[in-house]
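Each of the next two complexes has chain A plus one other chain: chain B in the first, chain C in the second.
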Partner chain A sequence: MTISTAPASEPVAADAPPAPGRRRAHRPGQAREWWLGAALVLPALALAVLFKLVPLARGVLTSFESSSGFGGSEFAGADNYTRMFDDPMVLTSFRNALLVVATLPVWIVVPLVLALLIHQRSPGWKFFRAVYFVPYTIAPIVVGIMFRQILAPDGPLNALLRGVGLQPLAIEWLNGRHSALFSLVAVALWSFFGLGVMTYLAGLATIPEETLEAAYLDGAGFWRRLFSVVVPMLRPTVAYWSVLCASGVLIWLFPLIYALTQGGPGDATMLPEYLVFLTTFQFLDRGYGSAIGIALFVFVAVLSIFSVRHMFTEGTRKPR
Partner chain B sequence: MNARHSARIGRYLLTFALVVVAVAAIYPLLFTVVSSLKTQAGFAEDPLGLPAGITLDNYLEAFRRMNMPRLLLNSLITTVGGLVLSVLAALLVAYAVTKLRFRGRKIVFLLIIVTLTIPSQAIIYPLYQTVLDLGMSGEYQGLILAYAAFGLPLGTYQLAGYFQQVPDELIEAARVDGAGHLTILFRLLAPIATPALAALAIFNFVWMWNDLLLPLVIMGGSDSKTLMVGVSLLSGQYDVSVPLVSAGLIVALLPVLVIYLVFQRQLVSGALAGSGK
Partner chain C sequence: MFRRSLAGALAAGMAAAALLTGCGGGGDDASDGPVTLKVLTWEPGGTEYWKQVKSTFEAGHPNIKLEMQSVPFDKYPEVQGPYITSQSGPDVMANNAGLELFDRRGAYVPLGDKAAEITKDLVTYSGACEGFDTGKTCYGVPFSYQGNVLYYNKAVLTAAGLDPEKPPATWDEFGAACDAVKKAGKTCLALGLSGTFPAYWDFPEITRNYLTEDDIRALLAGKLSWKDPKLVAVLEKLAEITTKGWANKNAPSITMLPDGADIFQRGDAAFAGTIISDAVNWEAFGKALGDDKLGVTRWPAIDPAAPLAQKFSGIEGAVYGVTQWSQKKQAGLEFITWLAGKENGELWVKYGKGQPLNKNVDKALLPSSPAFLKIQELVAQPTLHAGVMLSGPEADALARGWQQVTLGQLTVDKWAEQMQQALERSPTKKQTK
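Up next, the complex of A and B:
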């Protein structure tokens, strides 16, 4: 059941099993442990290779071909890549992606503040904890369609703003050159902040009461305790949540663009992930779509290289 | 006296802030529920207020148009399949790279978590090609395997982090007692990692159930398409009213919401399992 039906590549073949007898007497059963190890990592490796690395390699190959419409394809060298640099749509999409990435601090701080507020255990804190997670459970595509109504020019948000006398703020949220991307990110934040709050709360729960008690007895005030005790002890959690956000924020936006703006108005909310989809499946320009996809991969990889390094050390470090 | 006074004001402000965010978090959902209970004419008349009368016609119509039972079944099969396969593969590989001694285990671990940097959007066409070549386009197993692969990096990372905390002596002791590796993994380590497993299961359930791009491309318009694809298609039809779409949305989001409310305690206790050191 655990072995996938996929043709098993021999992924760890580079590490030949230690030939018996050639080495000094090693721990008995080490060769068997190698075979066992290979068997246990096989399902995961097969999945990763077949559904991520192979498509990635094929994507690279396709990106060097000119293949559009339903016809065949031919080798086109780096044409697709040079074309990208002259394509205002591509350039805009990556500039928009950078703007989205620039909002990452907000993604990291807002849930932290909310988690700290809940952690004060004021009356009803369990209720708030439960409610804040609800948006995350709703599918982004559903969230997108929902917010089409909420953000409509005559929708409830603008009605509220007019009601409290903030008439000038009641704008066409999804139709402005600048407001559209802002709205999109805000909706995404609405949809994901609960996961961040939950993550931080779990981290806060690992801080021993005694530590805080001791700081309190030493005369440390609320803010002092917050910045000298709580925040430093929360660093692994902050790192974990940053990992998730940095590698996820662009991906999370796709269904929202799909439901809310379709990249518009004009190219105001065009992001690389949506452009890949559009180029490949709407304009049927597979070579060019793949090239943009590879560019997106490089973009995300650069963004999350630190995350991966952090994860690697976390996962291989022995506890002290 | 004064200090106590300001402390109380601080409390009020804190509760006020929490309430404002709670309203913002829950209002869009309430708005959609209310809209779904209005008639089309009722919504046109008064889109924002409470309905004059409640109708369930929108739900009946949404069920009729979307072949809802089939969509629900498709989503359930692919989500549970992907979730089980993904967690199982992650369990095995996490155990191998943290508790077995064989060469190349660090490279394997790195290879798995590095795939986190490959977003589905970047490779969506070649992924579709690959699924097609495997003869799994429009088939449950195509989507299940893809889900499993995309859930793998974070699951492996979380479980490896958790297993790393379990002292090797414990494993050695079990070995000496004659326990095999699979016994150790499933009878000793998995129970220890229950909070992490629960959190991982819920996390995977939520994103797999809610995902749009993978089922959209792999299942296309086939009979095996998932609920989210159905919802996105429904909202694209030109003659569909807001109350009708709202009803479809409520049906689509209800299963995950119910699962969340039922398993809320486990989720809270295990949310950070694996990195809450």
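Up next, the complex of A and C:
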């Protein structure tokens, strides 16, 4: 058998599309296929336009309006957007949002570590696999109410800390400027990390056993296996979870804020999504509320876009 | 005789037509079968009272069925807001009298000339009308009277060495009483600062010592600056309540309802500033502590000589109106007219245990509780309620500022600045400036 170094001729596919610029041969079968394809895509397209683009466009339009109470509204130009830069509550809410985003590494790494421990059948892995997922099945509003009691100054958490001699750690979790935001994030993490563990477990199932075994036999410890084998092979899954977390911490915390702190004390746990709600439904300032909502949308989009692009790149990369 | 009957029928027909006209147009009530009215309410007066409302009203109006959507009071704005924004939902709904109602007036059908007729037997209904002026547009019907008092637990005062029959009447006396209560190991004032309760319940009690009725109207109109020394003094006194340690330490992170009220109901606090009707009133506290242990007094006066210091900050309770988008406006009007009537007034007294607004309610039905009788005495000298004059942003800034001042994160001057900013971004007050 000889190996030729000459470039192989391109195979001619029977259904290859015609080269650009070349006049396409008109075949009745092709037209029928095109119409069938369009008919199949159309419902999804209509739903996307109706339920995604139209509300978004409506939100953008409302953000350029000034309204009084629930009465009529008038065009206000960019007033609502310029107002945001002078509104300390808006600035604080976005500053708090950045602080929350800064905790993302914890959101990404903790479930990954736990997932790997479960995947390698650590003692009690079956129990923990179930237990980790349970908090995710509890409605966030219930989680909020639960933790309001757990984190109360005389609540069970502080009682436990005092009981084991950790009196200095028994702080007023929901009363402090920084401790309240930290508590909110910690409760959210407790509530959501189970989903992360499940996501990573699904990803880990795609890694061949022998790869991990080979790393183990080569003497790689847990952390070495995690960062040198698992993370590179799970990049699309990590990226997917990162996008979920990045958007989740900014737009899915509402029920927890509502039940736990209502944005307080003061503005300590005020996040943009809660401010949108307050401004629109309690201050009755729909235009301004929409403007804050659009600013949040852009903030989340910018944050997510890199991960999404990375995810697509990973997902569409051809195997080497 | 026939001519008189015909005239009567014609008059009745014209009255019905006028009612519809006053209501801004005819309804599309179903002509066959009972009409179902959807009523959004936070159930002021309790579930039992509303059960009675439903059964009594339906018995007298076989053509109308009531479908109640009950929402807890502190969650009510969040449920009602989307209905108003989307202009859909209940046929009849409620708001607190005053600015809360005025903010949402676009959602209600103006009563027009019918307002005077519907409310003819009510002691007052100005809180349902624009600018607290019955000569202006009215949007609904109140049937209860509301306001704030200071409830106290006689057993806690006694244990602290205080005379339960002589509760503190001045600010200094209150401070001294709090010191004694704290020494006895109890909380002096049960308080929750999360949410808008501080604005509704505590702010007007301090305000009466510094503002006149004209000032309170200026507050409503957005013409009284929060940097005005009188309002700054009000904020200073509010701050004192928590910074002097009179209230429970976790006040900034808990709500008054249910958390703050729970502290008092458990017997862990000497005082609680809440309301006279609806939830957490004398009846609920009497049940929890015992009627003989429950005392009621006016909030302590900071300046006993101030013109409003010895008055009662009163306001009509929940105001029920017909929604603009309702297709059953006539039935809705029938319902709110009935709410203002004697029959409902008596149900309100009997089951809601509240202060009725209808003048014809049988006095024999009024409760004999000592606390209720004391409240009757206090409400006899009413004045405007400053809490309901605050806009949404102001009420929110008041609560958040108070939380921050309590935690030492904000000075009173900075709080006043934030209040002024809140006033300036209040959509409804901007218009009236």
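Everything that follows uses one rule, which is that the second predicted complex is superposed on the first by the 265 of 320 C-alpha atoms of A that agree within 3 Å, B and C clash if a C-alpha of one lies under 4 Å from a C-alpha of the other, contacts with A are read in each partner's own complex, and residues count from 1 in each chain.
Quick note on the criterion: contacts are C-beta pairs under 8 Å (C-beta built on N, C-alpha and C of every residue); 3 or more make two chains touch, one makes a residue touch a chain.
Note that the structure is predicted; figures quoted are calculated from it, not measured.
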item: Which superposed partner A:L45 touches (first chain B, second chain C, both, neither); value: first
item: Contacts of A:G264 with chain B and chain C, given as first, second, both or neither; value: second
item: Touching partner for A:T103 - first (chain B), second (chain C), both, neither; value: neither
item: Contacts of A:T280 with chain B and chain C, given as first, second, both or neither; value: both
item: First, second, both or neither for A:P255, with chain B first and chain C second; value: first
item: Partner contacting more residues of chain A (chain B vs chain C); value: B
item: Touching partner for A:S179 - first (chain B), second (chain C), both, neither; value: neither
item: Shared chain A surface residues [contacts with chain B and with chain C]; value: 258, 277, 280-281, 286
item: Contact footprint of chain B on chain A as seen in their complex; value: 1-2, 4-6, 11-12, 14-15, 18, 27, 30, 33-34, 36-38, 40-41, 43-45, 47-48, 50-59, 62, 114, 117-118, 120, 122-125, 127-143, 145-147, 149-150, 154-156, 159, 190, 194, 198-199, 201-203, 205-206, 236-237, 239-240, 244, 247, 250-251, 254-255, 258-259, 272-274, 276-277, 280-281, 286, 289-290, 293-294, 296-297, 300-301, 304-305, 307-308, 311-312, 314-319
item: Touch list for chain A against partner chain C, complex; value: 66-72, 83, 87-88, 148, 152-153, 172, 174-177, 180, 258, 261-267, 277-278, 280-286, 288
item: Touching residues (chain side chain C, partner chain A) in the complex; value: 77-78, 81-82, 84-85, 102-107, 193-196, 249-250, 252-255, 391-393, 396, 399-401, 403-404, 406-407, 409-410, 418, 421, 425-428, 430-431
item: Interfacial residue positions of chain B with respect to chain A in the complex; value: 11, 14-15, 17-18, 21-22, 24-29, 31-32, 35, 47-48, 85, 88-90, 92-93, 95-98, 100-127, 129-130, 134, 141, 145-146, 148-150, 152-154, 156-157, 160-161, 164-165, 167, 181, 206, 209-213, 217, 228, 231-232, 235, 242, 245-246, 249, 252-253, 256-257, 259-261, 264, 267-273, 275-277
